[in-house]
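Just so it is clear, A, B, C and D label the chains in written order, and each chain counts residues from 1 on its own.
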Amino acid sequence: MNSYSLQPHFCKLRENCGLFAVYNHPQASYLTYLGLYALQHRGEESAGIISYNGKEFFIHKELGHVADVFNEDILNKLKGESAIGHVRYSTYGSTNIENAQPLLVKCAQGAIAIAHNGNLVNALQLRKELESQGAIFQTTTDSEIILHLIAHSSHGNLLDSLIEALKRVKGAYCFLLMDENSIIAARDPYGFKPLCLGRIKDAFVVSSESCALDLIEAEFLREIEPGEVVVINENGLKSVKPFPKPFHLAQCIFEHIYFSRPDSVIFGENVHVVRERLGKKLVEEYPVNADVIVPVPDSGTSCAIGFSKASGIPIDLGIIRNHYVGRTFIQPSQIIRDFNVRIKFNLIRDVLKNKKVVIVDDSIVRGTTSQKRVRELRKAGAKEVHMRISCPPHKFPCFYGIDFPTKEELIANRFSSLDEIRKFLDVDSLGYLSREGMLSCVKAFSPEDYCTACFDGNYPVPFGEEKNKFEAELNSRKVRRC
Amino acid sequence: MNSYSLQPHFCKLRENCGLFAVYNHPQASYLTYLGLYALQHRGEESAGIISYNGKEFFIHKELGHVADVFNEDILNKLKGESAIGHVRYSTYGSTNIENAQPLLVKCAQGAIAIAHNGNLVNALQLRKELESQGAIFQTTTDSEIILHLIAHSSHGNLLDSLIEALKRVKGAYCFLLMDENSIIAARDPYGFKPLCLGRIKDAFVVSSESCALDLIEAEFLREIEPGEVVVINENGLKSVKPFPKPFHLAQCIFEHIYFSRPDSVIFGENVHVVRERLGKKLVEEYPVNADVIVPVPDSGTSCAIGFSKASGIPIDLGIIRNHYVGRTFIQPSQIIRDFNVRIKFNLIRDVLKNKKVVIVDDSIVRGTTSQKRVRELRKAGAKEVHMRISCPPHKFPCFYGIDFPTKEELIANRFSSLDEIRKFLDVDSLGYLSREGMLSCVKAFSPEDYCTACFDGNYPVPFGEEKNKFEAELNSRKVRRC
Amino acid sequence: MNSYSLQPHFCKLRENCGLFAVYNHPQASYLTYLGLYALQHRGEESAGIISYNGKEFFIHKELGHVADVFNEDILNKLKGESAIGHVRYSTYGSTNIENAQPLLVKCAQGAIAIAHNGNLVNALQLRKELESQGAIFQTTTDSEIILHLIAHSSHGNLLDSLIEALKRVKGAYCFLLMDENSIIAARDPYGFKPLCLGRIKDAFVVSSESCALDLIEAEFLREIEPGEVVVINENGLKSVKPFPKPFHLAQCIFEHIYFSRPDSVIFGENVHVVRERLGKKLVEEYPVNADVIVPVPDSGTSCAIGFSKASGIPIDLGIIRNHYVGRTFIQPSQIIRDFNVRIKFNLIRDVLKNKKVVIVDDSIVRGTTSQKRVRELRKAGAKEVHMRISCPPHKFPCFYGIDFPTKEELIANRFSSLDEIRKFLDVDSLGYLSREGMLSCVKAFSPEDYCTACFDGNYPVPFGEEKNKFEAELNSRKVRRC
Amino acid sequence: MNSYSLQPHFCKLRENCGLFAVYNHPQASYLTYLGLYALQHRGEESAGIISYNGKEFFIHKELGHVADVFNEDILNKLKGESAIGHVRYSTYGSTNIENAQPLLVKCAQGAIAIAHNGNLVNALQLRKELESQGAIFQTTTDSEIILHLIAHSSHGNLLDSLIEALKRVKGAYCFLLMDENSIIAARDPYGFKPLCLGRIKDAFVVSSESCALDLIEAEFLREIEPGEVVVINENGLKSVKPFPKPFHLAQCIFEHIYFSRPDSVIFGENVHVVRERLGKKLVEEYPVNADVIVPVPDSGTSCAIGFSKASGIPIDLGIIRNHYVGRTFIQPSQIIRDFNVRIKFNLIRDVLKNKKVVIVDDSIVRGTTSQKRVRELRKAGAKEVHMRISCPPHKFPCFYGIDFPTKEELIANRFSSLDEIRKFLDVDSLGYLSREGMLSCVKAFSPEDYCTACFDGNYPVPFGEEKNKFEAELNSRKVRRC
């Protein structure tokens, strides 16, 4: 049923995922399950847990949402006091069970379980090199590359082998590893992806976002630092920082704008608070004379609240989201494509009729969805429609894990001026927050410590010419699952 | 797999459901599917569609959400230009496939499909009478009772038989029927439940709520009136009003408060607008000195917006809802029960810390969930917690379709004063909207035209002493599905 | 998944099924499950069990094989000391979950569970009559007709109501009923279908065939007699014979020829022994000069053994059956249809090459399969192919439960002489056992006590002109499940 | 659902499987599906197909029977003119989806698909060596070892790399490989396992047994020879014999005795014919005075036919097999264990009563099943029970693929004399065919060219002391799937 698809098998460029680990808790796998549940927004494609009870490893992973992949019976069989878990984001609609994580392998260092979030930029180069040394690959995950590097390491213990391996890789990553003795968590030196540490009773917990700690009522200890490798074993927690510090960090600003949950604390501050600030800043940069502010649920809500507070314009529910969407939905291929928008959202005419409306959204990617929405708002009677976006225009692909469409598809590259985009969307005014405005809203680090490559093309870890070769390469390696 | 449960089989007292019908559209069943999707909040237990292509009837129904019950293959097999559909609310956690609707039977009047929303108060009396005349029952639905009454009618055509049948029943109902010639929609004389009429091209559409018309971009024509029976066939639409008008209507006020979607128009006005008025009225009746208004998502949001507008206190996202919940979730039976609350909701500390907080919610039923929520808010740093509820205290059971707990479980019956409830919930102030205040917010009809029985015990259609007999009877008729 | 099909809903003429019941055993439903397993050959379409634990009824039924429909969890939930079960044969490929049995209903006599094997010949007449009295039908099973008749009975107890009901019906039937007090088993006065009684410890068991008693190691007590109604309750077993004895019984001879399992005892003797006699008789009637006897597995095996013993010609494995068939198999619609034959059977060339071969089979229906098989045998090198059939040619439809094709499709009606059939099949000689020869092989009753209508058109219970009306009627009542 | 179990993950010693491949046919995967269907008896645990359409590879594999793993939709997605397929035998009840074959990997030589039948005796030694060189293992299949050896090869093309790899391995194997250009089939120099070549139109076909060629009506060309590597590509078929010839072949005699289908031709002759000879030889070695020969269906049937022909004692159906078994069956854990035997087989008393019975079977492994069967036969009235077995007593484990129990469990090791076994089984006489008698029945090769290690302990490819280390090693590497 869920084990086949028409998606490319050896093809993967970027993926954002969710990680969770528990060390030393009698319900390790149950807590991991709850943690993954809270991180579901980071990956709806597949879910998996590997646990260890001091003698044996137990594994279960499947395509699908956390709630569908696990049941009580399965959780009971995932015995042990240690567990790591993973939810995978669907890039390209890929649904490969092979690529579901965590992976579990046996090599010279023993049995190792691993899970990964992020994207290595020298993955294909490393694959080729490893292949030329005789390595065989069964997945296209970055995790498998790390495992090969570990397996080729001359070090006998997992920590040293991992550090040696990490010295070879470039890009954005958080890794969780588990062997018979320990759980290891690693975050790349640039700190692209969030990762934090918590405690519940005598157990240590690691999570991509703090909202998962809240759910299991674990205490938030701190974030794992960029470039930090944390080993948790029977001796407690040990922190290592084996890598040279980069000149600046490169924390993904889009995690604050869109990806993370508003109730999480990442990169030193609460996401919702940052988003409120973005809304307030938008009022500063693009004030508007309007009757009502309508957030695009759910990602635009925090920002719209900030916008309302700063502008004094009341917020109202002009757009309603159907929360049952997210489940598999039969695409009305044979009928009107527009249905899809109406299925996710509906409008409330009484809120919009004869009103000057401000829509606040987190981003415009292709622009087609926004265009349709504006059309709907006008049909519902909106006198004026003003659009405010809480970040600059997206012009560049992300090579560190966020799955944007190709450069050509991005609306900001299809039109040469803001006014053309405005006309395309048919809005009375359009305001994108400036790069500086956006960066002024994150206050925990200096502006240089965030990655804004998708806006300005300044890639902190260079992808170089390899990029083109990658894409050609990818097209030549095709396997499909059925 | 999904066809068994441990729930009582012959046991049903009340259920609220969703109805949808299409007459004369080449994609009748696909539109019905989309309509049911929009009405999913009215029933998550089962979903079903029966279509008719002029020669044959086609049927599919199963336990589960609309998106899980149907797929493209099934929809393609549901051929024809007419279709009726049904989603069923889970009362008592009952999950009987037998009770899934629509029903399809053969009797002297020919093949008839039927679906029902509401609750007859003389159902068991009618069942007994029919049984004593030799009727056999395979479900516990009110639909089957109506079918028996139709089958026993002396009239040859469906409309006359239905009218004769409806003259025997008492209670709250909307019925959809389909035979080889027509679709018939009927709403009870008191108008307990909403039902509306739309048009898309040459097709007529009937729906429990108007939000489903929006989704398929059908034109909203009008609501079906209390006591109206509408026949749609090749001659177009015919309206009949065969019943004496009651002195007052009894439109369910709780549909406005909680049950219907905010983007629907029911009982003559938009639900969200009514809820905003409730919020404004709450400020009038229970003003408060506070820093921030926190809606309980999603049902409290509209009301909170009204409260914010009237009070000038800003609204903020103090409580975040996990929208993946709704899917089956493994209950942490073995661990802490409180997890369940944290799974659905999380708090944002930065919004709450050192703040005087107003929580706005639609109702308090048992009070245990609210109590836990207040405790969480205080733990998150709220300096004061004020609670405002957009209706009076619930003190009486509903016999017309809403599934409240028993009288003894209702918090308003467990405590003798408002202050006791306030203390139980541990809030600094508590305000329930008054009955009059609530009724002043619905403006399309006079206050007497709404049913407020769950607040004041004034049952517009008497249930009488039968009630006790019912419950005893129910306990003696037990069948379980496995 | 398994709840839809494109098959007619209100359409059913004949079906042969399997029945099993247990009264007063702590593992009633588990034993019933095993019993149904042994009766699987009598019905592969659906399986169901209803149990009763003195307080509640428990029910589970689904489309599919017994082993797929039940699992340990479900069997554990089917609590109680009494249970009845049913497997349904797929007629017309119909796969309606509605028609799955046992049925469970509530009527004036209380809750009643029922299962049925056979076919009533006045079913539609009774349906019409009942419909004209206001009955509604949700299935097309004969069981539902009986339930309506019971429900309309003036008697208060189930036994009297059932007897009154059975006096109205004509045709072939075995019924199992269960209410809160008892299990009742009834066999029609002509004894068309087998039904027997067993005991395991303190429990009584009823089964369509004795092979199911063997499986659970129950003692075989006796067959239930034609026209006998057996009531099993806390007072033990009571036998009633409320119907006038017909002049002759009409036990289905085809149960011996083909339908029942060779290890069963039915109609007073072992099926395998009868089949061996048929083989011996064939040698008498159609001796042959051949090298090897090849049974068509598995139904021709017993007969071939008899043929071998009587003729002295050795039996050998010329045709091998693939025993994994029976499971759903993907029909090679797009490729060669003949695959299907090869999938079920393969030949062993070394056994056939240059040999004079006798194939022994139980019957030829359409002839197309036999024709292909002969072609294969010749391709495998058989020098001569002789065919021997253990019954006369099938010329007439069965109205009592066996699902033959239409009269026009029967090979014996398509050709005017035996020699034409022989030429069509391309065999060197062809011998059908004579009616008298066949009847000489059943020794427990006199020849007149068997129904041979499918061979000679002498229908013991007349179907009359109604037959044509039935078929017309059926065509006008169409409902399809999706 | 089917992706977890409690079985060891890194633990595998022996497995017998089925292989099938098609090159250059428009319905390559459909034919492969049919071929696997015919080979289902060689592996019921999992089934898989990988196809290639000149551009992309397509893969589908799952736990379960062939008919359950594939459907029309999946087969349509398995596009291309080349395909290889695999069915896996369940050893130790292991049900790991990871170990399901074929495998598909990417290495320096490109994408390679592989499937394997047999067992390497130096697998663990090679694994350790490869691990020490940095290899990581994700399965415990011998296929993965071969892939690592290929990946480490210095040769650029698959054939040379494979030959280099095969020179490293010892044991019993047939391999199928597919890359972008070719399909390669290899059989080990000793010829342990059968593998044959066929043609259908312009396509070449490779199969473990010839019965699968019959099913798709492919022409049987010849067996692939021991030590032969066959490459099929656009230039046609090329045969290579790169290995030194062993002094004697070691074709598995147990394939003839039990494992292969009677309608297959393996090792130069038809299996059924060999089994008839075994039966005749048994009469020579152990004549008996009896009334009836009862084969144990289905494996004993061919032998019993030979026994009957030679002895003149008629064969009869004393034991009936329930052909629905094979599907998952709920083990009556809570009730009597003996049920299992009755579920698979039933007896026909009329055949056995007061008779001197000879049971003919292919082997006795533990003896417990045979013992129960004899007890049943006596209860059914058999006056005498004689047992004849078509091979010598099993005393030694097989290290080449057949999954026997441990040495201690084998009945022939638990008792010191034939008479003790006879007493344990409670038979009147017991005859095992002698080693020489058995070998006299295979006529295509000289007796020395068969492996009889399980009878005499003469292992043609030594396993040495490694064996013990293996088992210890295995116990220390435990991973469980949930």
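What we mean here is this: contacts are C-beta pairs under 8 Å (C-beta built on N, C-alpha and C of every residue); 3 or more make two chains touch, one makes a residue touch a chain.
None of these values were measured; they are calculated from a predicted model.
Chain centres were defined as the mean of their Cα atoms; on that basis the chain farthest from chain B turns out to be D.
Once the centre of each chain is set as its mean CA position, chain B and chain D turn out to be 60 Å apart. Here the spacing of chain A and chain D, counted between their Cα centres, is 48 Å. In chain C, there is no position where the chain touches two or more neighbouring chains simultaneously. By the definition of touch given earlier, these chain pairs are in contact: A-B, A-D, B-C, C-D. Taken together, the chain D residues at the contact with chain A in this complex read 1, 3-4, 6, 9-10, 51, 55-60, 62, 74, 77-78, 103-108, 111, 131-138, 144, 147-148, 151-153, 477-482.
Residue ranges on chain C touching chain D, taken from their complex, read 27, 30, 33-34, 37-38, 40-41, 65-68, 70-72, 75, 211, 214-217, 261-263, 270, 272-273, 276, 298, 301-302, 305, 308-309, 314-317, 320, 322-324, 326-330, 332-336, 338-339, 342-343, 346-351.
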